[in-house]
Each structure stands twice: as C-alpha cells, then as structure tokens.
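A, B, C and D label the chains in the order they appear, each numbered from 1.
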Amino acid sequence: MMKYSFFPGCSMGSTAKCYRLSLEYVCRQIGMDLYEIDGWNCCGATSAHVMNEVMGLALPALSLAKAEKNFPHLDIATGCAACYSRLKTAAHHCKNDAGVRYQVEKTIGMPYEAKREVLNFMDIFGTEEAMTAMQEKIRRPLKGLKVACYYGCLNVRPAAITGAPDRENPMTMENIISLSGADCIDWSFKTECCGGAHQNDATTETRPLVDVIIRNAVANGAQCIVTACPLCNMNLEMRQKEYERIFGTPRIPVFAFTELIAIAMGAHWNEIALDAHYTDASKIIAEAIRAGKEADVK
Amino acid sequence: MSRVGVFVCHCGTNIAQTVDVERVAEAAKSFPGVVYSSTYKYMCSEPGQAMIKETIEKENLDRIVICSCTPRMHEVTFRKMLKGTKINPYQLEIANIREQCSWVHTDKEKATEKAINLARMSVAKVLLNEPLHTSSIPITKRALVIGGGIAGIQAALDIADAGHEVVLVEKESSIGGKMAMLDKTFPTLDCSACISTPKMVDVSQHPNITLMTSSEIESVGGYVGNFDVTIRQKAKYVNHDICTGCGLCETKCPTKVISEFNQGLAKRPAIGKMYAQAVPAKPVIDPNACRKLIDGKCGLCAKLCPLGCINFEDEDKLVTEKFGAIVVATGYQLIEWGELYPEYGGGKYKDVITGLQFERLVNASGPSEGHILRPSDNTEPKTIVIIKCVGSRDPKKGKSYCSRACCMYGAKHAHQILDKIPGAKVVTFYIDVRTPGKNYEEFYDNTRHDGAIYVRGRVSKIYEEDGKLICLGEDSLLARKVAVKADMVVLETAMVPAVGIRELAGMLGIAVDNHGWVTEAHPKLRPVETQTGGVFLCGVCQGPKDIPDTVAQAGAAASKVIGLLNKDSMETSPMISKVDESKCAGCGFCVKMCPYKAITLEDIDVRQGPKTVKKTVAKINGGLCQGCGACNVACRTGCIELLGFKNNQILEEVDSLCL
Amino acid sequence: MSVKENWEPKILAFCCNWCTYTGADLAGLNRMKYPENVHVIRVPCSSRVNPQFIIRAFQKGCDGVMVCGCHPGDCHYATGNYYTRRRFMLMKRLLEHNGIDPNRFVCRWISGAEAAKFRDVVTQVSNQIKAMGPNEKFREPYYLEKEAE
Amino acid sequence: MSNRTMASLMRRAKVDPMDCYQCGKCAAGCPMANSMDLNSRQIMHCTQLGEAAYNKLISSEAIWLCTGCNVCHERCPHDVDIPSVIEQARYDAIEKGKIRRKSKIFNDIFLTNLKLTGKSQEAFLALIYNMVSLDIFQDMNSVPHMLRHKLVSVLPEFIKNPKEVSNTMEKSKEWGKAEK
C-alpha cells in the first residue's frame, strides 16, 4: 500500500517547481498516493528552532497533529531535508519525552501522540514495493550519465533522530537513481553540509561549502548532482555563476532525484519544467537518452 | 567455658580521637565469655604483639578479639602472631573500629557506641570459632605457556632455565607472534627479527621445552598444582618428524592465497612456513586453501616431496597433560577499523593502511623488500600522514583505552619514512603524545628534529581527490582547519585482545574486563597473578603494552611459576566449605552452584544400625574450593558450612547487634 | 508505638569482602562521613548471605538491612552476585508477603573503588529508614517490650 | 559543575562538557569552522572553563553560524552533542539580547512573515532581508530567472489558517526557553 500523508513544505510551491512536478509525475506513474495535509503550515526552519525551543517543536507538531487527525494510519512524507529534520525531531521528542509532549500539546491546542513515522522520499522510494513499481515504468534509460548523489546533512543526521544506518556513505539514493540507468559515482561529499541554512544571513561564509562539494563531484567524474531537498538544490545551483567568478568553481546541473526518474519514465521536458534549472542540463540529458536508445537497439 | 580476651587499639590517635577506647574496653568486660580486656597504643607493633602473647599465657585465653583497623590490613599479621602461641590462628576476630568507625564518624559518643557494638558482634562470633588447620596438596612440576609471542617465549625460556619442564602452545604454525612481523623496535631501532629469532631458536632447542604449534587449548580441569589440560593439535598434513624443511613444496605449490603474516599485502602458497625465519622451520598445509583438501585435485606437493612427508589424511589430535601452573600470553590483534570508520574510507582506499601493514612494507623481508611503496600502484609516496588513536581513546566507535605503544611506533614510522624516502613529508596527527619510557621522549624529540610535522588534532575525514588522499583535520593549536594532501595514510589502530580470549578465560576460570583483557588479581600488587590460583598472565593479553614491558612481565610471571613449582606441595586456605555427610541428602544442588567445580557427588558407605548402606553425598575438593559460600545458601538441609563464616556465627553477629 | 525522640534506626549491612567491604574501608581511608547507625558484617561474597540472616535481623530488631556486593560481572567468585541478584528479587517479595515494607531491604552493587558511592548509598538508606520509622512487624515480643521501656 | 548557569545549560543540553577531551575531530569536520570566531572544539572548551568563558561563548558569532549539520556530533569519539550545546547557548544569548546582527535581521523577518502568512515566502524574505541588511544586490542576478520560470510568485501566499500559526508562536513564547 503506497499511501502517505504529504507535507509539501514551503519551497515545493515555489523554487522547487521541478522537484514537485517530477515527484508528482513519478507518483502518478507508480500509483503512489500522497494526501496533502489539510492546512499544513511552515515547519519554522531555519529560524523558529534557533530563536525559541518550544516554537521549534510546536510549529512542525501542528502540521503533524493535523496529519494524525486526518490520516491516522498514514506515515508522513516530506521532500525537504530541513522540513524532514524539524518534523522528525518534533515527532521524536513528543514520542520519547512526555514532558515535551505535554508542552507541545498545550501550545498547539491539539492532541498529538506521534504514532506515525516521518519519512523522506528516499525512504519511501527506497522500499522494495516502490522500487519494483518504478523499475516497471522505466521506458528510456539514461545511459552513461554520471551522477553524484547528494544527501545533505539533515536527511541523515543526527543519527538518533533519523535512524539512518550509514551516515558517512549512505546508498539509498544511489539504489533509486540506478533504476534510471544512470551511473552513480563514488564520491566523498555526499553528506557534507551545503550551508543552505545560512544562504541569506551568512552568504560569504557558506560559499566555500558549495565550492568543495561541487569540486569533489566533478573531480570524481560527475556530470550532474542530484539532491533530495529543495533547499540544497537551490543552494547548490542558484549561485554557480557567482562561484565560477570567485573561486573558479566548475558549473554542473543539479537535479532533484525524482527528475531523473521521471525523465527515464518518459516524462516530457515541459511536464517537469526541466528548463527551469539555472545551469543548462539539456545537453547531458539528451546525450544520455540517445545513448540509452542506442544501447536498446543493440 | 571459653575465655575471650579483647584488645582495643588506639592506633595512635586514629581511633582514640573519635572513639573512647577505654570505654570500649570497659564495656567489653561485660560481654559473655570475655575474661580480659585492655587497650594499647599500637596493637600491631612489636610490643603490642608481645603484650597480647603475654596476656594469652597469663590469662589463659583460648580466643581473642582485636578492635583495630580493617581485617584486610592486619588479619594476616595477627594470625601469624598467634602461630607462636597456644591459640589456633583462626580463633581470632577483628572488629573494624578504624576504617568503618573512627574515620567515618565525628560524634565521639555515637562512634564509641558503634565501636562497642562492633566489638560485641566480634566477640559473639569468636565464641563460635573453631580451630582450623591448613592442608597441603602436591604440585606437578610442569608449566604450560599459552601463546608463542615474545611474552610466551620469554616466560617459557625463564621457566625452562630454572629447570622445570614447559609446554609452549601456539595456535599458528610458528612462534614469534607480532614481534616477528615488526621491522625495527623503538627507541633503539634495533631490528626486531635480529633480537627475537635467537630466542625463538632457543625455545626450539631447549631440552626442557616442548613446542606445540598449530595447537589450541581444548579444555582445562583441575586446580593449582594439578591442572589437567587437553590440547588440540591441529592437523598439519606434513610429517614434521621426517620433514627437513627443504622448501620444495612451498616453491611449487600452485595455489596462492592472501598472506596473513604480511597483513594482506602479499600472497603465500597453500603449503608452507608462515615466514622465512619460522620456528619450527617446517611447512604446514592450510586446509582452507589447499586444492587437494578442498576438491581433491592437485597433490603436487606430495608428488614432489623427496621424503614423502605429505599426508593428506592427517587429523587433529587431542592430548591431555598434567601441569602445575599455567601462563596466559595470548597477546593482541589490531582492531578491525574499516566498519568503524566510514569517514576514513572504511577500507576502500588501498593506500590507507594500518601500522602493522606499514611494518611489513618497511621490513626488508616484507613484500616490497623494505621499500616503502603505495599498495595501490607500487610508487613511492612523498607525503605521508600518520593518524594516531584510531580506535583507541574513542569510546563511541572503538575502545576507550589508550593503546600505549602507538605514540612511540608512530614516531618510529615517521623516522623510518624520513630515513628511507629522501624529501618525504610526514604529518602526524595526534591528540596527545605519550612517551613514558626510558629514552622515549628523546626518541620523539629526535623524530621532530628529523622533520616530522606534528599537528595536534584528530582527523575528521579522509577522501580521495585527483589521486591524493585528503586528510581533513584541525590544527587545534592554531584553531584552523587543515587539509593535507597525502599519498599514503598510516592509521595507528588500537590493540584489541586476541580472538577466543573469552572462551579461554572461561576454561581457565579467570576474569576478563569488558574489553576482553585478562584481569590481574590486583592491579598494583599482584600484576601477573590471576584470581585463579596457579594461572598467571603476561604480555598484552592483560592490556596494551610495549615490548620492554611485555618481556619484563613475562619474567615476572615466570618467577611466580618457578616459585610455585619449586615447592613440592602447597598449603591451602582452611576457610572453605565443609559437608556434614550425616545430614547431606545428595540432592546435588550445590554442585550446580559452585563456580569452581569443586563439589562432586560421591557414594559412601554408612552404617545404619546393623547394616552398611550406600549413600550419595556432596564432596568438596579442598584444592578447588575458594570459600565463597554460595553452596551454603543453596544447601537445603543446611549441611554445608563455610568454615570461618558458619551460619550460626553470622547469626550470632546479627543477634548481638540487636541486643 | 510512638516514635521516641532522637530515635536512631539500626541498620545492618552485609558486605562482600572483595568489593563493598573494600569500598567501605576506602571511604574510611578518605575520611568520608556517614551515619553511625550502619553496622557492617563482613562476608566472603554476597552470595554467602542466607535469606535467613535477613529475616533474623528484622526479627531481632533491625530497622533496615542492606546486602552489597561487587557489580554484576565483576564478582570475585565469578558468578556469586548473580545468585544474590536473583535471590533478593524473591526476597523482596517474600518480605512484602510477610508484611514488611520491602523498602527496608536494599541490595546494591558497590565496587572496591566506589567509596563515595558507599557513603552515598549508606547515607541515603539511613535517611530513608529514619523517615520510615522503627520496624514493628515480625519482631519478637521481647524486643518490643525492651524498646517500650 | 558548581555554577548554576552552567549546570542548567548542561542539563538542558543533556551534555557533560567534561566528556570532551579536545581532540578537535569536530572542528576538523565542521564546514563552518574557518568562518567561526570560536570553532566547535573551542565552544566545548568554553563550557568546560565555566561562567566567564561561557559569557564569551554566548557573545560569539560562532553559535549563529552553526548550520546544525551535526557532523561534529556524528564523529565525536565521546558522543558529545555539540549542536545541542550550541542551541542552548543561543537561547541564553537571546535572553541576554546578544544576537549576531545579520541573524537577528533574518530571523525576525522570517518569523514575522511566518506569523502573517503561515508560510515562508523565500523571494520576499530574501528581498526584505537584503534591504534591511543593506546587502541590496545579493542574489539579484537570479531574480529574472526565477520570475521567468515562475519559480516564485509575485503575490504572497497564505496557508489556510495563518491565525493558528500565530497563536502557536505566541503560546510557545510563554514557556520561556529563549524569547523574541
């Protein structure tokens, strides 16, 4: 049964247009149902938990409580690493600390029992059921495309909250991406922080973070980076021109991981707004599709 | 009627300032059985003891209570004193009015009250004390040494030189242990093989030493002076009685597998010696690699052997031998770091190696004949990073302890790199540099003068970029992040106990700590003894240490063994359990309780009226019983009593407190 | 029976020779202070403590009884304190069954190095027993009379 | 630790500062370490030294630069939860009114916006932030791309019931644990 409560998060409606469109496309294809939480609100990342401890837990708990009320039997899915981290933290504390739960329930004015899990889309698409369903729908494999899978920090850490078994070299995204026929490279900055949390208030300080990540991906032969978070995605690609000027950072397209799957499933470019990326991706994608077709003919 | 004497000690002012000792002595006079009481400044002193002895004679005492410091301090002293009197040394009780009274209380009135209570309890107990006598058990004058590393070799040689027979058991096909793998030893830089191989040869030629390689301990029975040990001699598939060690089989064997001795950096044939200087210098077949033994298709060595030594039908043999003492010298291995440190690549980078792998690389008899070459492409590295405390001092991922030798061999590695590779750059990441040993600090100093760079900080991550291994660390003295582009990284990984130590410890009845290091009987005063009589330890099996300490400890263990074996028999503590056979029902419950397997069930003949009938009763082996008393409590009929701590003695103590 | 003023409880502690007794000695060596109403009886191992001893102590007028030994896994005799642990789980229930407040009976693991823990445990137990008042259950009439005087 | 402020910090953060033995593995892995006036290792050192050093810590920029990526905690050999210490230090800093200028501007704008709409409007946030912080041209070159591809909407969006969010935010403050 592939049904989940869905917490879209603020970016999904705006800057993460490609992510949202491709996510919806893939879900349609494999028959996965996402029920958007009715009346969801911003989880508060990245300011609420910085400024006030209870607020940092209550804001995500408010959405979670609504999800629990509307869809008591569904786990909660979210596509953004920051939202995932905040929602999961709130759920974790409410589940394990009765004192926190009391505070939170009083604050949001609703009961919240934290019965269901918070999941990110890597967990969800990484299940055997989803993997099989996706495998069946792949129509045009992307041959020879070298992909660096970027997890970011909050999708895997802290271990006590996320429960991720491997925080240095996770492989879930690689497993999913390899369905599309693309080759995942082995690289070393999968789970390093991109500084997305401070992209406005500490721009100068976070620049080098993006630089080293992109450099390592390119050095290991990647043609593109895929992410599982709209914030990481934007932070890695939006200022590439600027980084090129300052550090000489190479330019590289950055996709949401669902985009590659959607393309491999045969999605039209417009359907998933592939041209909305800051760095032109059409060439490498077209090349990969062509190589895929050739391999098919042979 | 018993005649008890009570002696209250002032212990200078230690007791007297918080306890009114005179009042205690006065009160003691009213206790049942007490005929005499007095106080003295220092009961344990020469005049104090003389006074007690005199009083015993004069007052015709038959048991005494001494109110003084803890019995753990002077019980033995006073028992020795009583040996020269008419009183049995076990007709003595000590009331602890110092550590558990005067030192922990301030209110003199209450402390005195408590001291009186304690004295009364001791008097009540001593009234029920019985004279006890030590017994003696014979000693088998042979020693077993488990482990053939430098610790085991040294211990075996020392014991054998003293004239006692020794059996040295080693699980590998050659003795030599880890020291045989090393290139040079710090701080003198003498060649490890040059100083250890002569000792190995001595072992093989010593008339008093029997060497059992490829052997493991199967089971251990018996007790101090009389151990029965079963040893499994694993099949060697080569008849060592006729083999001359010509080495023909070794050179022709077509099967090559990864060499454990070379730490995975080279290959070895399926038949052969562990290494060139192996002792015994004769080959064995590795049954997990030999094609003939796996699928029956080869047997080349058997065809080639000029003497026909190869026997594919060879089987494991079990031998049981008697020993008087056992030395545990099972040593260590390095921690499996790959799983624990994904941030260091988790083993995927070939040029991230361990200290022991480096030893093989730099060793003239190693796979690269002493040239330091990168395992990945056999080129000479120019920049080498040494990381200390990998797995050590890391309670989350590895071990909480310090592995003690790494700082020094890390410095040695740095020195060797700078010595062998002109223009090389060595960066050592450290948290602390620990050099507590003779000439150690000087060696470290020299290494820095040689040009080794020491950066204080632990490396957070190693990753590969453009063919270089980039080590991210913090120079914590500058509080700046540093990224060193290295060609090779040496991890000085933690020492962990050898595999199987827990099973062995279980067989021997000795304790290991939560890491698996064997626990000594006392960390300071009995460092080579274990809690089981007759079992001694030496070397790294007790905890990480370097070669000088290991050899010193091996000598110490040997001297303890020699001391034991020089005796023809030994005395045992009389404070052990005793069965009242007339009451014993033979239920066998105590047998299960005893941690020392000291209790067995036996059939005895009892007279019942005119008839003699068989009856099953528990029998206690005085050599094995350690006097814990667990069986007492388990005994349903109450027929087992722990001498010195009998049920009625403790009950009397309880009663007298509540008066 | 009313509690007399300045009433001091009588507490008996069975301590194993190798860990807790050593720890108690160490507390002395370090001059730590604890209440005078605790009396230690030395036994070779906590597994030597027969439940009978505890019953007897309550019967004869003790207000609290402690059994202390090495930490599980650290027993000088390898396994003794495991027996103690199991035995005294049952003991607590037996005491409760007999109407004695099981909180009067305490079983703790204190190693030879844990002098401060010995002091803390002893002090805490002493305060706890003091707050509970004298033990009246289970006692032989003679002792009750004596106390009433 | 005898000092009450410190004891309370450590209770809240669930960390014993003496667990840290200053190996520096945290700072070595920290992506922001080189921009921080106190790196993560020094932050732990401040908590070990007591009140005076702690005051230095809460006046530092570093606690506001931490991205919360947790790599320090992940790799710490003694499992010291440094992000949790930083989090609590920030609350103490807020209570004393010591907030890094840019962080204060950003967080205030963010929370005000959140209070009004229940959602964060990335483009508006960036725009207003740039104006208030005087970094007017930051990221301006991305704006045409964003507008062309409709990555941001021109009008602010609202969630169904923004009142709920503002209520929750108001009530949160009643518990203390840092204000504003």
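For the reader, a short list of remarks on this structure follows.
In this section, a contact is a pair of C-beta atoms (placed from the backbone, for glycine too) under 8 Å apart; a residue touches a chain by one contact, two chains touch by 3 or more.
None of the values given here were measured: they were computed from a predicted structure.
For the pairs A-B and B-C, the count of C-beta pairs in contact is higher at B-C.
Chain C and chain D have centres, each the mean of its CA atoms, that are 52 Å apart. For the pair chain B and chain C, the distance between mean C-alpha positions equals 34 Å. One finds 59 Å separating the Cα centroids of chain A and chain C.
Among all residues of chain D, those that touch two or more other chains are 34, 71. Residues of chain B in contact with two or more other chains: 343, 461. Pairwise chain contacts present here: A-B, A-D, B-C, B-D [touch as defined]. Remark: chain D residues 31-32, 34-35, 64-65, 67-71, 73-74, 81, 83, 87, 90-91, 94, 102-103, 105-107, 110-111, 114, 118-123, 125-126, 129, 133, 135, 138-139, 141-142, 145-146, 149-153, 157, 159-162, 164-165, 167-169, 171-175, 177-180 touch chain A in the complex. Those residues of chain B that touch chain C in the complex are listed here as 70-72, 96, 98-100, 103-107, 110-111, 113-114, 117-118, 121, 509, 511, 514, 531, 575, 593, 595-596, 626-630, 632-634, 642, 645, 647, 650-651, 653-655, 657-658.
Looking at the complex, you find that chain C touches chain B at residues 10, 12, 17, 21-22, 24-25, 27-29, 31-34, 36-37, 39-45, 47-53, 56-57, 60-62, 73-74, 76-80, 83, 87, 119, 143. Residue ranges on chain B touching chain D, taken from their complex, read 343, 389, 393-398, 431, 456-461, 472-474, 476, 479-481.
Interface residues of chain A facing chain B in the complex, by the touch rule stated above, are 166-169, 186-189, 215-216, 219-220.
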